[in-house]
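Given below, in the form of structure tokens, are the structures.
Common to both upcoming complexes is chain A, partnered first by chain B, then by chain C.
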Partner chain A sequence: MYRFRYLILIICFCLFLTGCWDSHDIEQLNIHVGTALDKASSSTSNGKQQSKNAIKLTTQSIFNTQPTTESDQANQEPQKYINISGVGNSIIEIVQSFSQENEHPSYGQHLKVIVIGEALAKTMNIGEILDQHSRTYEIRDSCILLVAEGSAADTLNIHTDIPSFTLIDIDQHQYKTAKLLPPLTIGKAVSKMAAHKDFIIQGVQTKKGKINFNRAALIKGGTNRLVGFLNEEEIEGLNWLMGKAKGGIIKGRDPKTGGLIMYEIVSVKNKITPYLNGDHISFDVNIESVGRLNEDWVLAGNAFSNKFIKRAEIATEKEVRRQIHQTLTKLQKYQIDVAGFNEQFRIHYPKEWKRMKKDWDKRFSHVPITYHIHTTIRDYMVKGRKEISK
Partner chain B sequence: MMKQKDRITTTQMAIYVSTHMTALGILTLPRVVTATTQTPDGWISVLLSGLVINLFAIVLVKLCQRFPQESFYQYNPKIIGKWFGILLSFSLITYFILLGSFEIRGMAEVTHLYLLPRTPFMATIIPFICLGVYLTVGGINPLVRLFEVLFTPSILIFIIVILLSLKTFEPNNIRPVLGQGILPVIKGMQPTALALTGPETMLVVFSFMKEPQKGIKAITLGIATPLFFYIMTTIFTLGSLGVAGVQTKTWPVLSLFRQFEYTGIIFERFETFMLAIWILQIFTTFVTCLYVSALGFSQIFKKEIKPFIFGLAPFMYVISLSPKNINDFFHLGDFLGYVGIAFIIVVPSIMIIIAMLRGKKHVPAS
Partner chain C sequence: MKGSQKNSTNKGENTNKTEEKPQQAKSQHVTDDIHTNIEQIKQNIGHNTDVIFRSFQLGTTKLKAAIVYVDGLVDKDLIQDQILKSMIYDLSSIYSEEQLSDHDHLKDWVNNNVISVSDVKEEKSFDNVITSILTGSTALLIDNINTIFILGTTSYKTRSIEEPITESLVRGPREGFNESLADNRALLRRGLPDPALTMLEYEMGVRSKKKLLLVYMEGITNPDLLMIVKKRLEKFDLDLALESGYIEQFIQDDHFSLFPQVQSTERPDRVIAALTEGRVAILLDGTPFALIAPVTFSMMLQSPEDYYERWIPGSLIRLLRYFAAFITVFVPSIYVSFISFHQGLIPTKLAISIAATREGVPFPSLIEALLMETAIEVLREAGLRLPRPVGQTVGLVGGLVVGEAAVKAGIVSPIMVIIVAITAISSFAIPQYSAGIALRMLRFGAMICAGIWGLYGVILFFLLLAIHMCKLKSFGVPYISPAAPYRLRDWKDFIFRFPLLIMKKRPQMMRTLDDKRQKGNS
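Showing the complex of A and B:
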């Protein structure tokens, strides 16, 4: 009897321990790490019939680098990635076509970044473009979204080890500069599009194999199309406005001597207060920042004295004020509210918001916004002055 | 008569109720609630319906306390007559069979989607059922002991993983509180039904309690634990995905754990942990459903429980495969939610009134 039981047990083991239906050897996988989406140019009709809304998808996969035995390749460092592109009307049909061209199947679980080309973002709904990526179980919502000025495929061709990783690494540098937006994940973007909200995506520019994160793409909610770009200064202004700046430098001018004063941001806090008077909306923004004096070009500047510190603070506030003004002017011109004014209005006036959300962008474009900036220079590091007065 | 060793303590009872409650409902709860409220107040709806359910669960316990040695199947003929009683028993059994099948189908759906995309349903469901049968044959004691073992790690992992999601949490998403007034919150209570089913199992297993007088304490603790999970989950999911985003996701809670990655520590992705404890919670619910329905048959026909357990297992397998697509499956869930709520709210309240009017009570033999 017992022997019979053991036999059943062994058979069960054989059944359940033999392995997994879904196992794939890691060497056999084509691991996608980055994807670039572009508008297909009409000339790239490689025999196939393409309708006018065709997309060109370029994916970057990393693979297991094997030491090559061929002598001419020995002194050359092997490339660690490979870019494949395809053209089609839907994302999945392009990705599937890769399985017909490559020996290794596509594997999207480690996709880290999606770059959308400017031309594509201007003409097509980003919500539709990203539908496959946000629906499939393979791709995580933590994947980062970027917009490329010009061609998106070029961003995956820059001269670095693995371009996709360079892209996401640069995108994490907010603690060093205020000229970068916080990374936007595909999950957050999809949530914003579901709510018909305007949003902003970090832009990248490629020139001669080098990359620069110096723009930000404004996306209009509802249509989800790119309508314009912010430049570096405007991104900085936006970061101040949203209280999202975590580091970086403000370049002020000393009101007395005109010398440069460099203020290093340690923290920024903001408070947006909406006011509603009848149908008249107005906003009041209070920004408080703590930082330190990092560099000054004022020879007689004495940071041991509070007088000079005060001057430096005024210089900084003036510069921040200028940047914020520039940003707000542009946002109101484009009728795009990405600084969170709509959120604050929704929170403070939920009933009125229900009525006003439909034409919010229009209202926002002529809403008066006042802002108060207060900076505190907490310290000046290890040196307070350059010379002692005679 | 029941054997003396088939007795469980008050803590075990609380754990039993709470593990039975936490199952499939939690994964879709933020979506179904927010789809009705359209405001970030879903968590208040969950809290309120939890309190209401707890109130009626106390009535349920009061009913059970009139017959401390007997299960629902045994005492309901005494209250409403033999034929109505048997009818009611069979509807409760059917409900538990459907609920158990629904849970395994849900487990298979989610595993198929997130973990094993090419593995057929059969390969995940059959071992699941086999293990469930193996556990159930041992009776109530192995069941609750397993639940005890699983309880603490489940809570710990859940709390750690949900706190990690703070990385994507935006406080503005759950503000303002009660911005559109209380009405959306009241409306939002209705779809919480599926998540809050579970206390009705007390109708049957109450008879196993060592100290029946502590039944109210057990059920209150048993409901409070999952309720705390539900509220946390709803707040964090809404905070991360937003009112609009949460309504677009099939399994919003699992989407929440795919919103973030932590690089630099041993693990980058945490939805696997969540899925692991969640599958265990599904298992516990399935096992209790199987046990309680088999117990029903055995008590109605006054036969051994084992053949019913073995007989029900293939039956549940077939039912679990019957919903044609995921929408049918969700509809089945909605339906079961309402039936479950009926067994918590309507049935015990009516029964206790009839029992009081007819003066039916368990009379100690001695």
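Showing the complex of A and C:
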């Protein structure tokens, strides 16, 4: 009987003395889904010390109220999210200050996206800005990083249901367009920064409450500062160069008639071969792509004839060549090597790499790069027509 | 006072092996004088109006005789046609006067030539005589003979053999046990006409004197197991054995475990299958529920249908039941721990919609879960006890009120209602009612652990459960065998049911004397 008395005692201890450790019901949390980091404007950071570097942090959290009556639902969509901003010198300081203003505690495990403003990325080390986010276990490594041209806070204010979800959903569309970079997660960014490598972050632009993923921010390794942007075509060129394009359209012009030829990418493979001749470095890039003819505006075009297909392939290659050229020019101008040339050089010439890695970026800007593009149109879908005989 | 083994009815003969009980010093023996004998019986049970005494004279002789029986328990036609008629009319024509004086001869003669009843015993002890009368036999007393004939005239109304309600199958025999031990015994015999099928008879309860059959397969069942069961049956020490549940609670291993350690079933096919696996069955008079021992946890999730169906659907359905058992125990607790502790583990969009539906719910998730689970248990119990048409109404009204109105009133969240419904339905997918109860009880423990410690608590609870189940034994057989101790051979009939062709041997865990199932040319 004593045994059971003890058992009852232990159960009572557990029930009444422990309480519910760390228990917070889900509806009492302020679930953050997106964060925007901006440089604080001088007016808002008047009273602070070091006002020069102060950060403005905006978080987007989900607003937990359901429409109470049915008429509410009918009248207008209530806003489902709420954006809170704070100013301070450190991230954690600002996040903590939210607890003083909000009824619900902050909860970061569902944070999906961090947007860094252009101005902040240019003046501050991104590694330092993201230090708290990458250090804490509350935020997942899978959180996606974006750079906003202009104000980052605006990207969380676009006219969609929940802007943060729109951002991450658009960022998954590589299979539909080659003009998007593969998503960069915090985990990947941190590892790039730790290796002092240059990297590239998908950039976004907001105009009148609409978002466009038409930029890419070039980040210089070491200082981790933004040095410039690539435009859409250059992103596409970079994707070709890296063999990362998974889908999308290349718009070529038929050399004979000048009609449009749309080439849909199915796969792209690249091979970068470095050559070293004394101190002279050169690269040769071989790109092979398989795709299909998706749309042609060539009235005389006959998809059943191999000649026409050949022409279409040449037209595509020409367009790709132009894009890659444009991209490489810009990369070499900014002295940013994000296409993986350094990695191939390191693999092929490890000893020389050790010697050259210090001023690699400078060397890279002068390196001659040749590229060969070979596209194959595997199918022309379900349409073809007889060439009009002349 | 102990339940005593009375006789072996293996070959169907009625040999009286009863040993005289030494402790019955009080009991008086039958005398030569019929009047004293009748007086003796009257003293014991004569005050009851249902005990009938009928005195008559043997044929034309002056020899006095009497029969005693209990009205309603006997077959009156049998008594009138086969006993009274032959004693009063037929006797005189053959019987000569001088033989009367020879008492021994008279006794044999009555036994051999007069009574045309198949079941006849001679009894000398009044205690036994009275017991026999009260269980439906007729006592025949004849003057000058110092024994009493006990004539097996027992006949009472029994339910016909019907489909078992608690274990209905889509495919399989529709016969179920009923309350008559004779019928149940016959069902087993008919299903297994094998000389090895052995039935030992016991008498349970000093006052209820219920007949109990211990059934096993001679030459298959391990004698050690038989010893354990016999020992425990002999320990039964209640004056009443109303239902086999009384026996179960006396012979089980661990009285504090939530898990049933003896399986009860209404299905003869289930009993027969268990017998051939080397298990032991216990049948009690007056209840349709037979007991099977020893059992393992996997048996609780098995249905005879697993074997009647082809092996792939059988296996998949069995797998589904394991899944249902897991849902029954752990889903509410996992829900509670996700909602209150690990919101990060829910996919973001789901987390947001859950948060939205829970907005305005006044209780923490644990209280909400306990409230709803209790409500559904009450509903279940209410529906069970009421007459069937009313029970359905209770289920319908209760389900609607709790499901709809409680959500609309904002007392509980709709997701909680879904969780409760899923667990309730899953718990009904467990074929054994008693196992279902055990799992439903465990669910509450898991929920409380989840409410205090989150997922960590759920894992602790699982470990505790695993430890308990590993420790538990049913008549010497580990409860979760063949998982632990690990016996690969028995895995053929554990989570999956392998083709019958492959199951050539009986379960290893039963340590049967003859472990070959297929004796053919293989």
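In this section, the second predicted complex is superposed on the first by the 352 of 390 C-alpha atoms of A that agree within 3 Å, B and C clash if a C-alpha of one lies under 4 Å from a C-alpha of the other, contacts with A are read in each partner's own complex, and residues count from 1 in each chain.
Rule of thumb we're sticking to: a contact is a pair of C-beta atoms (placed from the backbone, for glycine too) under 8 Å apart; a residue touches a chain by one contact, two chains touch by 3 or more.
Please read these numbers as outputs of a predicted model, since none were measured by experiment.
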Side-by-side fit of chain B and chain C on chain A, or clash: fit
Partner chain(s) touched by A:273 [first = chain B, second = chain C, both, neither]: neither
Touched partner set for A:96, first chain B, second chain C, both or neither: neither
Partner chain(s) touched by A:123 [first = chain B, second = chain C, both, neither]: neither
First, second, both or neither for A:33, with chain B first and chain C second: second
Chain B versus chain C as contact partner of A:191, first or second or both or neither: first
Touched partner set for A:343, first chain B, second chain C, both or neither: first
Touched partner set for A:62, first chain B, second chain C, both or neither: second
Geometry of the superposed three-chain model: angle at chain A (Cα centres of chain B and chain C, steps of 10 degrees): 50
First (chain B), second (chain C), both or neither touched by A:142: first
Which superposed partner A:22 touches (first chain B, second chain C, both, neither): both
Minimal inter-chain CA distance - chain C and chain B, angstrom: 6
Contact residues common to both interfaces of chain A (with chain B and with chain C): 20-22, 140
Residue numbers on chain B that touch chain A, as the complex places them: 39, 113-120, 123, 127, 168, 172, 175-176, 179-180, 240-248, 255, 258-261, 269
Residues of chain A touching chain C in the complex: 14-15, 18-27, 29, 31, 33, 62, 64-66, 107, 109-110, 112, 138, 140, 165
Chain A residues touching chain B - in the complex, by the definition given at the top: 16, 20-22, 137, 140-142, 185, 187-188, 190-192, 194-196, 340, 343-344, 346-348, 350-351, 354
Of all residues in chain C, those that touch chain A in their complex: 338-341, 343-344, 346, 348-349, 351-352, 354-361, 364-366, 448, 451-454
